[in-house]
Amino acid sequence: MIYITRRERFNAAHRLYRNDFSDEKNLEVFGKCSNPNWHGHNYELFVTVKGETNPETGFLVNLKTLSKLIRETVIVKLDHKNINVEVDFMQGKLASTENLAVGIWNEIEEEIRLLGADLHCVKVSESENNSAEYYG
Amino acid sequence: MIYITRRERFNAAHRLYRNDFSDEKNLEVFGKCSNPNWHGHNYELFVTVKGETNPETGFLVNLKTLSKLIRETVIVKLDHKNINVEVDFMQGKLASTENLAVGIWNEIEEEIRLLGADLHCVKVSESENNSAEYYG
Amino acid sequence: MIYITRRERFNAAHRLYRNDFSDEKNLEVFGKCSNPNWHGHNYELFVTVKGETNPETGFLVNLKTLSKLIRETVIVKLDHKNINVEVDFMQGKLASTENLAVGIWNEIEEEIRLLGADLHCVKVSESENNSAEYYG
Amino acid sequence: MIYITRRERFNAAHRLYRNDFSDEKNLEVFGKCSNPNWHGHNYELFVTVKGETNPETGFLVNLKTLSKLIRETVIVKLDHKNINVEVDFMQGKLASTENLAVGIWNEIEEEIRLLGADLHCVKVSESENNSAEYYG
Amino acid sequence: MIYITRRERFNAAHRLYRNDFSDEKNLEVFGKCSNPNWHGHNYELFVTVKGETNPETGFLVNLKTLSKLIRETVIVKLDHKNINVEVDFMQGKLASTENLAVGIWNEIEEEIRLLGADLHCVKVSESENNSAEYYG
Amino acid sequence: MIYITRRERFNAAHRLYRNDFSDEKNLEVFGKCSNPNWHGHNYELFVTVKGETNPETGFLVNLKTLSKLIRETVIVKLDHKNINVEVDFMQGKLASTENLAVGIWNEIEEEIRLLGADLHCVKVSESENNSAEYYG
C-alpha cells in the first residue's frame, strides 16, 4: 500500500454566517469571518490517495492525471469564486474549512476510484495556521 | 544604515474591474480576477524601514512597536475586509497588488517617520507566485 | 469525524543535560545541545483535534477558541522562556522535543475535551529538520 | 509511543521510462518525465520512526544519530546522483517517487531497528506539489 | 516606479564540468556537481520588472501575461530538460546558477520591454540555500 | 556584476537587556525579550556577495567555499551558543538582530574579499516575521 499526495491551490471569497442569525449574532458566533462584504483566502488543497503501485508504470496514479482530475472536478468550481454564492456543492452549508474538506471529498471520491486508487484524505489549509482534514 | 523588515498578514476579498467596462470587457482585461462575486487572498505585507541603530537599545525601531503601528494603521482596515468596498484608502482605485502597495505606503510613511526611521519598501505578496514592491 | 489543526509558535531557550552527568558525559550524550549557557529555538506547535462538525456552526471547534486555549494554557508558559528553568510542566524532565510534545499533550487534553472535541495529536517542530508527534 | 521525524535532502537526476517502450510510447505514458536526456529534482526525504522515549535521555532516538544513519545509508547513494543509472537499490525499477519511498524504506528499516526504534513512515517529496508515503 | 515579481519553477538536470578538464580535475574544482551521470534541481525563477502603473488597469504588467511570456520564452526550454545538452542559450557555457541567471536575462529582456516594462532582476534559486541574482 | 546568496542557520539563546537598567526598566524597554533566564531562536543568515563571474568556472565564488567560510568564521561561534555570554564579536553590544547583522558583516567582510568577491548584504532573520539587513 502506497500513498501519494497532490497539492492544488485556489483563491476564493467566503463568509461565515447564518441567514437565521442577526448580524450581531453572526458577529458574536463567527467574529470578523462573518463580514457581510466577504473576505478571502489562498486555500491549499492536499489530496492523498492510496493503493497498490502499478508495476507497469511505477505509479499508484499518474500525478498529472490526478492533478487534472482535481482541477477539472473541484478547482474549476472554487478558484476565483465566492464559495457561499457560486460553489454548487457548498450550497446550503456553512462555508467552513471543515465543510469544504467534506464537500471536496464527496466531489472527488468516485472519480478517484475510477483512476484505480482509493481516496485517503482531503486536507484543506485556509492559512499557514489553520487546516482541516477529512478521511471519509 | 540598517534595514529591518516586519511581516504582517491579512485575508481580504477583492475584484479587479472598472465600472465603465461591461462584464465582457472586464473579463477580457482582468480575466477571472474580475468575477463579480469577488474572490480573495491571504496577503502578506512586508514593511522595510531604514535608519541608524539607536545605541541605547540596539534597535533601529522596536519591532513590536513597528508591528503595532502597521496593525493599527493598515491591517485593521484590510483584514477580513473587502478591499474594493470597505478600505478607505483604496476607494476610487483598482484593487491591484501594485495599488495596494502604494496605498499602504501612503498610509504608513508619516507614522514611521514619527518612530525615528524612514520607510524603505512596502512589499505586498498576493500569492506564492505574485508580489509588488514600492519604494516611494 | 473531522480533524482540524492549529499552529502556534513559541521562542524558547533550553539545554539537554542531566545533573547526575559530568559536563563531559553530557557533551558525549547530548552534543552541543548540552551547552551550559543554553541555546534556543523557534518552536512550532501543531495541535490536531478531532470530532463531529457542529451543524449549527460548521465548526468542529472555533479555531479562534482553540488558538486562545492553546495560548492561555501552554504558549504563555513557553514563549520567551527557559524550558528547563521556568516551565512548570517540564520540571524534572529532560527538555527534549519528545518530552515537550508529551508535556503539552497533558496540559491541554482535558481543556480540549471541554470544547467538545478530542485531542488527536500534538506535534512539536524544533527546526525545519526535526519534529516529534504524540498521539496519547 | 512517540514519533519523531527527520528531514534530509538530496538533489538527483532521473527519468521515467521503460526500455521495452519506444520513445513515443514512453512520452505517451510518462510525459516530459521520460526525457531521454534526464531531468532532476531537489528531493526532500522525511523519515518517521516510533517507539518509547528512553527516560535516560528524553530521546526516542538521538536525532543526530538518526540523521547520520539516513545520510550514510541512503543519502550518500542518492545525492548528486542519477537515480536510474547509479543507485543500487533502484536498479531494475522505475524511478518513480512511489518506488523511491519503498526503496528507501527497505534500505533503512533494519538499520533503524538497531537504533532501538521502529520505522513508521518514509515520505519522499519530489516538488512542492507531489509526494509519496510508504508505511511498510 | 513600481516593481512586480513573478515566480516560475522548472525541474532540470545539469552538470558542472569542463571538457578540457579530466574527470579528476572536474571533481577537484566542481565537487559532486561534476558527476558525469548528471544530477538535478527544482529551480525557482523570480523575474522582477519595473515601470509605471497603468492607470487604466492598475497594473504595471498583467501578471498572467508576464507568466505566459516567461513560460513561453524560457520555461519551455528549461523544464524537464538537461541544461547542458538541450538548452540553446546555455550552449558553450558552464551550467552554473550565475550563468543561468544571465542567460535567462538575455532571453527575456527584450520581450519584457515589449510589454511596456523594464526587466529589473532575474533571480535563480537552485535550492533553499543557494541563489543568484542578475540586474543587467 | 552578479550576486549570489548563501543561507546558513544557527540556533542560539539570547536576551535583550542593559546592565545599567533595573529588571523593571529592561522589561519596559525590551518586553519579554528581556527575560533574565534567556530565550532563543532558529536564526537564518543570508550572506550575499557580488562581483564578476569567473569564466573558468562559471562561478562568482564556489558556494561550497562560501558556505565553509561562513560556517568556520561565524556559525561555529553562534550555533548552539548564548549570544550575550559566549559570542566574542557581540561582547559589549545589545544582542539585537540589527547588531547581529553588523557584527557578522565585520567578521566576514575581509574573508570574503580573499575569495575574490565583495560582501553585499548580511541579512539575519530571527523569525518568520522579523529580519534585519546590513549593506556596510
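Every chain is named by a letter (A, B, C, D, E and F) in the order it is written, and numbering of its residues begins at 1.
Operating definition for what follows: a contact is a pair of C-beta atoms (placed from the backbone, for glycine too) under 8 Å apart; a residue touches a chain by one contact, two chains touch by 3 or more.
All figures in this text were calculated on a predicted structure; none of them were measured in a lab.
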Fill in: Any chain that touches chain E and chain B
F
Response to the item:
Per mean C-alpha coordinates, the chain lying farthest from chain E is C
Worksheet item: Same or different for chain E and chain F, when you check if over half of the residue numbers at their contact belong to both copies?
Response: different
Worksheet item: Which one of C-F, D-E or A-C makes the same contacts as B-E, at least in over half of the residue pairs?
Response: A-C
Worksheet entry | Separation of mean Cα positions, chain B and chain A [Å, integer] | 28
Worksheet item: Which integer distance in Å separates the CA centroid of chain D from that of chain F?
Response: 33
Response to the item:
Check: chain A positions touching at least 2 other chains come out as 128
Worksheet, complete the sentence: So the touching chain pairs work out to A-B, A-C, A-D, B-E, B-F, C-D, C-F, D-E, E-F
Response to the item:
Per the touch rule, the chain C residues reaching chain D in their complex are 16, 18, 29-31, 93-99, 101-102, 128-135
Worksheet item: Contact residues on chain B for chain F in the complex?
Response: 1-8, 48, 53, 56-60, 63-64, 67
Worksheet item: Across the complex, what residues on chain E touch chain D?
Response: 9, 11-14, 32-33, 35, 37-42, 79-82, 85-86, 127-128
